[in-house]
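Structures given as structure tokens follow.
After this come two complexes, each holding subunit A, first together with subunit B and then together with subunit C.
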Partner chain A sequence: MFESMTGIVLALLGAALAVGLAGIGSAIGVGLVGQSASGVVSEDPDKFGQTLLLQALPGTQGIYGLLTGFLIMQRTGVVGGNLLNLTMEQGWAVFMAAMPVAIVGLLSAIAQGRAAAAGVGLIAKRPEELGKAIIFAVMVETYAVLALLASILLLFGITF
Partner chain B sequence: MANDSKYAYAVARVRVLENRLLDKGQVDRMLEAQGAREALQVLAETNYASAVGELKDVHRFEDLLAGELERVYREVRRFYPEPRLLEALAAKYDVHNLKVLLKAQGLGREAGGDILYPNVGNIPLAKLEAMFAQEDFRDLPPHLRQAVEEIGAGWSQRPDPQWIDIILDRALYDHLLALADTIPFLKEFFTHQANLVNIKTFIRVKILRQDEDFLKKVLLRGGDIHQSFFTDLYHEPLEVLCDRLALSPYAQVVNEGLAEWQEKGRLTRFEKLADDFLLNFVRSHRHHPFGPQALVGYLLAVENELKLIRIIMVGKLNKLPPEEIRERLRDVYV
Partner chain C sequence: MAIVEMKKIYLFAHRAEKEKMVRALQSLGLVEIRQVEEKPTWKGCGDLRSIQEPEALHRLESRLNEIKYSLDLLARHFPLKKGFLEQFAGSKMTLTPEEFSTFGAEGEQVDKIYQACRRLDEGFTALGNEENRVENLLSDLAPYRDLNLPLKELGVSERVSVRLGSLPAASLAQFKDLLAREAPETHVQVVSQDKEVAHIFLIYLRDCPPVEAALKEHNWTDLQVPAHLTASPAQCMAQLEEKLAREREKGQGLLAQVEKLLPQRPRLMAYYDYLALKRDRLAVTDNFLSTDQAVLMTGWARAADIPQIEEHLAQVGETATLLARDPVEGEIPPVALKNGPLVEPFEAVTNLYSTPSPKEIDPTAALAPFFFVFFGITLGDAGYGILLTLLSLLLLKLMQPKGMGEQLIKLLALGGGAALCFGILTGSWFGDMINLPPLWFNPLDDPMKMLIFSMALGVIHLFAGMAIQAYRSIAAGKPWDAVFDQGFWYLLLIGLMLLALPAVAGLGKVLAIAGAVGLVLTQGRGQKNMVMKFFSGLLSLYDLTGYLSDVLSYSRLLALGLASGVIAVAINTMGRLVGSAGVVGFVLMLIILIGGHFFNLIIGTLGAYVHTSRLQYIEYFGKFFEGGGKAFTPFKINTQYVDLEEREA
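So, the complex of A and B:
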């Protein structure tokens, strides 16, 4: 198996994990908030808009994952049709560069989903505190952004 | 994580329901009302509006309370993901019905419809009555079934209604702790409850000077204060109980409860403080975003609220002054 594994395969594996894991995290997070939001809306339909705002928050990790994956595709020439011939070393480097956003994306989206779902509970009681509920959930975003930053810096640091 | 998703919907829904509970201001207004009718008018502006509208006679306010209890349990059963939890919380109503039916059967009377809970417990009253008619209790949970059969077998030698209460109360806590085995929060709650019941039982036994064997029989097995703690204390004066429990969470309940007994010869303050203790225990956990805490808190709050309304209404109908009613009132959950 390893004989046929060239650098480009590793780079694409990195891209797939960045998109995949961060996407899974966001799906779980958004799903969890959706359940909480349904609980509130089933008793109080006026809260749809407010809960929807909170539900959207854990969705960003998936976007960061896609962004990283797209950058890898673009840098390695998958997009544009000019496929680079990467060495194993370059392939591993790209793979590693994708890891921050893949791993942190997965876990932070779930954590953010929990915070946002708790926020849904908060606005069920005090709708006027929507801002605070959003801030609590957005605090988690910091770490997803930091991971995205690391992934991008790493990717642009690799020379092909 | 699996738990998050299991409880997310239910917890959020309960949060909205909590908003509809009475707050302190509404309770105070009920208290200050001139007479029972006006107190009901205050209720008519709350979540109880439609129930108050259907009420024909102020003296039938118990119908309103029973109807609300039934409605809340019906509603929660429709969406709650953990049936064991509801089963445990509603089991006390089954046991209440069983007690009433057993006593009626033993004494050869009709069970009065007013004192039964037809649709709140886990087993509809009609089904319970059918079990009694056929003398077949196989569908009861094991602990309760055993208790009912024990009472049935022993009644001819011992036709004592109090004995029915004793056996069934013990069976109830055995049943509750078995149900709560997989839900740590609930287990802790029932343990506190059993401890408080045992402390009260101990005080009662001491006051009424019943013998030690009787005490052993009536103590529940559910609590984590061991039976021997109470039997050892049996020959000491009651004050020793306060000292021995001084470091337990129940210190305040016991001290103040006993102080009132020594002053006025009644245990109503103990009962109020015990209820408040349990409510506070649940309240301190209720913000848990994913788990059974919110619902246990809500149901307890509803039962507490119904108790509050009952105390106020009875007080108003008997023309007690507001201060005297207030003494007996429990805290408000929200």
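So, the complex of A and C:
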């Protein structure tokens, strides 16, 4: 009984890490931008909308993590009721599939937070350059998107 | 559907009509006024000079600063309430030009308000300082509250010194020991003590050297009290509290006075704009040249607007003469875009990157269909699409934004339409909330198919970008550049793609080799040395990695589309989990569904907009677009607080 359950435990560990690590990264990233945004808004409250837009950018990694976690839960039947009996191998496979989003999500969200925080500084001086500030931050996000893609393709590639 | 043709214009008028002309140009808002650059050599205009009125301008500026100061004071104490949405777009009050012009006579009244504001501001500052002082005293006295000693007893009398003060708690024991040894007659009383500081009441023989030395050694700090505090610490504190309350009351009084000024705020705002327009008119005359009789102004206007400008100026003044000509070599006209109503919202995408240079093609029409499709795929849900379009239309109606704000919201409305189309194709209605069969297929069932489709779209996008660059080369009279730089790449890339299909792999091989050889032979043509030519040619094949990463970049279409779809499913699942638990569950389910889908819509829209823009800017524009033009910024009515209603023509 215990032997046969280890697979699902590994799969859930993967889901937990995808949601958890990517979420931590996003929390740190969004926090970084929030700090510089508060500084700018204290000088010019009208920049609230623009800075909020930038603050939202590093938040997506957390969502990618949640998305991966949810997909794992759905595919393994944690959500929906029919819990699958995973072998160790399947469990490890699901765990590995979660890793791209977990690791890249954690680190890219922090890096993106830094870029977006610098972007807040940019629009403090030149509000008309919001588009460029966003692009700089989005360049970082590309790698989170690629990691999400890898995680999704891996997950769909595993047969249960 | 492109960059508008601009004309350089010269406007002559009699000096007496200068003011009228400037006013007319401002309300028209169709001419960008520039410094007169050339030294005209027309007969009889030898003595041209610029007309500047720095003093008048300076007076206006300082006046504007005064009003700004008053408005800032009012806003500091009574912030203008703005809705969440207005934060993004800003809101103004609307006035007719007639109402607006009545504000011209407000000078004296506004001056009074300004003086009142100054007085109030000074009052606030003084109050603030006093409050700080009292609060500091209070916190200084607090440790001695329990000591029943009138503060007037402090000081040096004939025989003894009486002191209140503090030293670090850590050295208290040592200090006491020292005094007990060296000056046992000293009275040491610890009034209160916390972790860091001990507060001490001390009486010792006047000028007793060992005590003085001990005080110095242990960093004694005297309590500083102003002379008027004579009663015991507790009584003094009561007095101070009372004073503080009085000061705060005074502050309330001042605040009430500020509040009385509040009804004047709209008037101040309108007057500010009135003066700002006047300032703009004055500032723009810096660019003019003048003789004794006439003034000359130059600038740029859209060719299509010139008849209207001419007509309007003729109505306003009798002497205005307008000349217009095409830009000459070396002149860089400002850039204005003109596109059809469906494409126009996409100008915001172009302009957020860069205004096109006057010599290139306006990329807006070329990016619009791709932006539309990509946005649709990344948001990818019919329900969200309908919601986004409805919300955008509502915003347009409620806020009536102008300029780029209007374009962006229209862009979102169109994007919602795209998401609706794609949602119907993939059968996604708020995730799986409404079960409609997909017209095409559901990417969740076959993500690989969607991935290949995304990258195929990417190839089309990239090829379109290359085609535009090829067209530019041909239009510039360099057809061979188009063949070398784009044609060979087409051969190589198409060949490589055909290699993947077994049926046509042979053809693909031939095409790819032909393309590669062509590139090696031609890409070094800028180099002089034969060897360098060869090596730069060979090196250019390395750009293949660039194309590869460009194409892979489009995989984000799949990833983001899946993201919003799967999150929507997750929200529905959570809703269903709680929905079965009776009435409370049902309410909870509604909250989860509405809140969750709204949140996902916002995040999904942000992601779709941002990533779709990126694909245009990095992958697409990288192939052909230069940018760096200067946007056409006509001299116009530019107000901060007041919206003027359209003037009846």
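Convention: the second predicted complex is superposed on the first by the 155 of 160 C-alpha atoms of A that agree within 3 Å, B and C clash if a C-alpha of one lies under 4 Å from a C-alpha of the other, contacts with A are read in each partner's own complex, and residues count from 1 in each chain.
Assume contacts are C-beta pairs under 8 Å (C-beta built on N, C-alpha and C of every residue); 3 or more make two chains touch, one makes a residue touch a chain.
Just so it is clear, the model here is predicted, and its values are computed rather than measured.
After alignment on the shared subunit A, the placement of subunit B and subunit C results in a side-by-side fit free of clashes. Shared-chain residue A:Ser42: touches subunit B; no touch with subunit C. When both complexes are overlaid on chain A, the residue A:Ala117 reaches subunit B alone and has no touch with subunit C. Looking at the shared chain after the overlay, A:Lys125 reaches subunit B, while subunit C stays out of its contact range.
Contacts of A:Gly31 after superposition: subunit B is touched, whereas subunit C is not reached.
More residues of subunit A are touched by C (comparison of subunit B with subunit C). Least inter-chain distance for subunit B and subunit C in the combined superposition, rounded to the nearest angstrom, is 5, based on C-alpha atoms. Across the interface of their complex, subunit A is touched by residues 79, 87-88, 90, 352-353, 447-448, 451, 552-553, 555-556, 558-560, 562-563, 566-567, 569-570, 573, 603, 606-607, 610-611, 613-614, 617-618 of subunit C.
Residue ranges of subunit A in contact with subunit B, taken from their complex: 31-33, 35-40, 42-44, 110, 114, 117-118, 120-121, 124-125. Looking at the complex, you find that subunit B touches subunit A at residues 1, 4-5, 8-19, 79, 287, 289-290, 294.
Those residues of subunit A that touch subunit C in the complex are listed here as 45-46, 48-49, 53, 56-57, 59-60, 63-64, 66-67, 70-71, 74, 79-80, 130-132, 134-135, 138-139, 141-142, 145-146, 148-149, 152-153, 156.
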